[in-house]
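Each chain carries a letter (A, B, C, D, E, F and G) given by its place in the written order, and its residues are counted from 1.
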């Protein structure tokens, strides 16, 4: 199957299945954002709604909407309450 | 739909919808710029008008116009007053 | 054989054979994740289930599912109990 | 319009319109250069004439002509006196 | 001769000739791995068997098998006992 | 005109016109090299003859010939005495 | 002339002419290697024989053969005794 090197789940499927759900995004520089995933692309650029910024473990405020550049992403995790 | 891996919003749409509106741009090295988004390209190179430079949380002056290289962008957020 | 510069094992085969098995993933910034490998792609983007995050040698919590961006990966090791 | 993702100004237009005008170029490593923009290319490699080097806010000397590698550019700003 | 800019040895030949032999791999972040080279690809992704991890000069444990991402490799050296 | 986004000078022309002349090359890590530019390519790999290495502002010795990898270049400046 | 932007020497020619001669290779992280250049490729991956590793100015041992990844190279210099 082209583009899918095994029968395993494809990494971007995690993003597709998380649309309109809460995700936690960890980026370089000890920062994180938790919010509702509104969009993404193949570069892992992400759009979050109602995004809470966390720096060094402390909440630093909320953004209505934020575009996070994929280059800086370390990981994306669907929130714990997620059901798939 | 080619180029759009899901029915979700595409990340660059956030930029398109923010043209002529205030955005906050966070870049590497603890810097940020708030200003009116005048232009962008697919590399996330951005042009801001009336851009206020913020370093380590302090305003450092205003630029009539500034071209920010996309490589350094961490996130772009439409300003809180924005309606979409 | 195209894409295989020798008769040696191909690096991504280590990932293919580790699907649904425990792996240890070491990433930049003194972090690691141990969990069950659910998926991967050619960029070494990885999906782990029941992933335990380890920072500076200490467990920092568990994620049901996590997408780790390949850029940040230093190494992936099948867990010691693995049989192949 | 191919190559122009919106009706907005294109980022490189800022450079084109700044030819033979003063610009301020900020690069990685707390350095900046102010001078007359003589040339540029799509990689944001820049040529400045009569470029004043500023390191940590202090002037460090003047170069008749300098080629700045685009990789290191953080931002380019037309000087405040500019009319467009 | 395409792909070979001179009559000199090609760098990846060092890897090909080291298959099933001991190598020392030095990676960014003051780490190294010594083990038996099981596989590699053109990105210098490497698979080592019985890999001993060395951090800041101290042995930190052994991995049955480890996939090291090529991006992080500084050098690879066949072990001193090697005959070619 | 293909490859030349404006009527402005092209950045690599600065290199072409500096062949067999003195240049100052600044690279990452607080290093510089001054010498006679013998060659270059589109990656900004540079060959200098009689290159004086300067680290943290101090001369560290002279190399008959040195190939500097373009990745590390911050800027190249024709020496002040240059006439063009 | 395709691939050669001027009549100047091409940077990789410095490598070609140094085959089987002593070179000094400086890499990121305050390290260097001096040895006999056995091979190279267009990525500046290098193979050295009888390579002496120098860290922070001190010799740290000799490798029979070492493959240095081009990404990390800062410069390559033919040794001073070289005649060309």
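Quick note on the criterion: a residue touches a chain if its C-beta (ideal position, glycine included) is under 8 Å from a C-beta of that chain, and two chains touch if they have at least 3 such contacts.
Note that the structure is predicted; figures quoted are calculated from it, not measured.
Quickly list, by label, the chains bordering both chain C and chain F.
Chains touching both chain C and chain F: none.
From chain B, what is the lowest number of touch steps before chain C is reached?
Steps on the shortest route: 2.
Quick check: how many Å separate the C-alpha centres of chain B and chain D?
That gives a centre separation of 19 Å.
Calculate how many whole Å lie between the centre of chain B and the centre of chain E, each centre taken as the average of the chain's C-alpha atoms.
Centre separation, chain B to chain E: 42 Å.
Indicate the residues of chain C shared as contacts by at least two other chains.
In chain C, 12, 15, 28, 71 touch at least two other chains.
Beginning with chain A and moving on to chain C, name the chains as they sit around the ring.
The cyclic sequence of chains is A, C, E, G, F, D, B, beginning at chain A and stepping to chain C.
Under the touch definition given earlier, write down the residues of chain A that touch chain C in their complex.
For this pair, the touching residues of chain A are 4-15, 28, 44, 70-71, 73-78, 80, 82, 84.
Help me check something: in the complex, which residues belonging to chain A touch chain B?
12, 15-16, 19, 27-29, 31, 33, 37-42, 45-47, 63-69, 71-72
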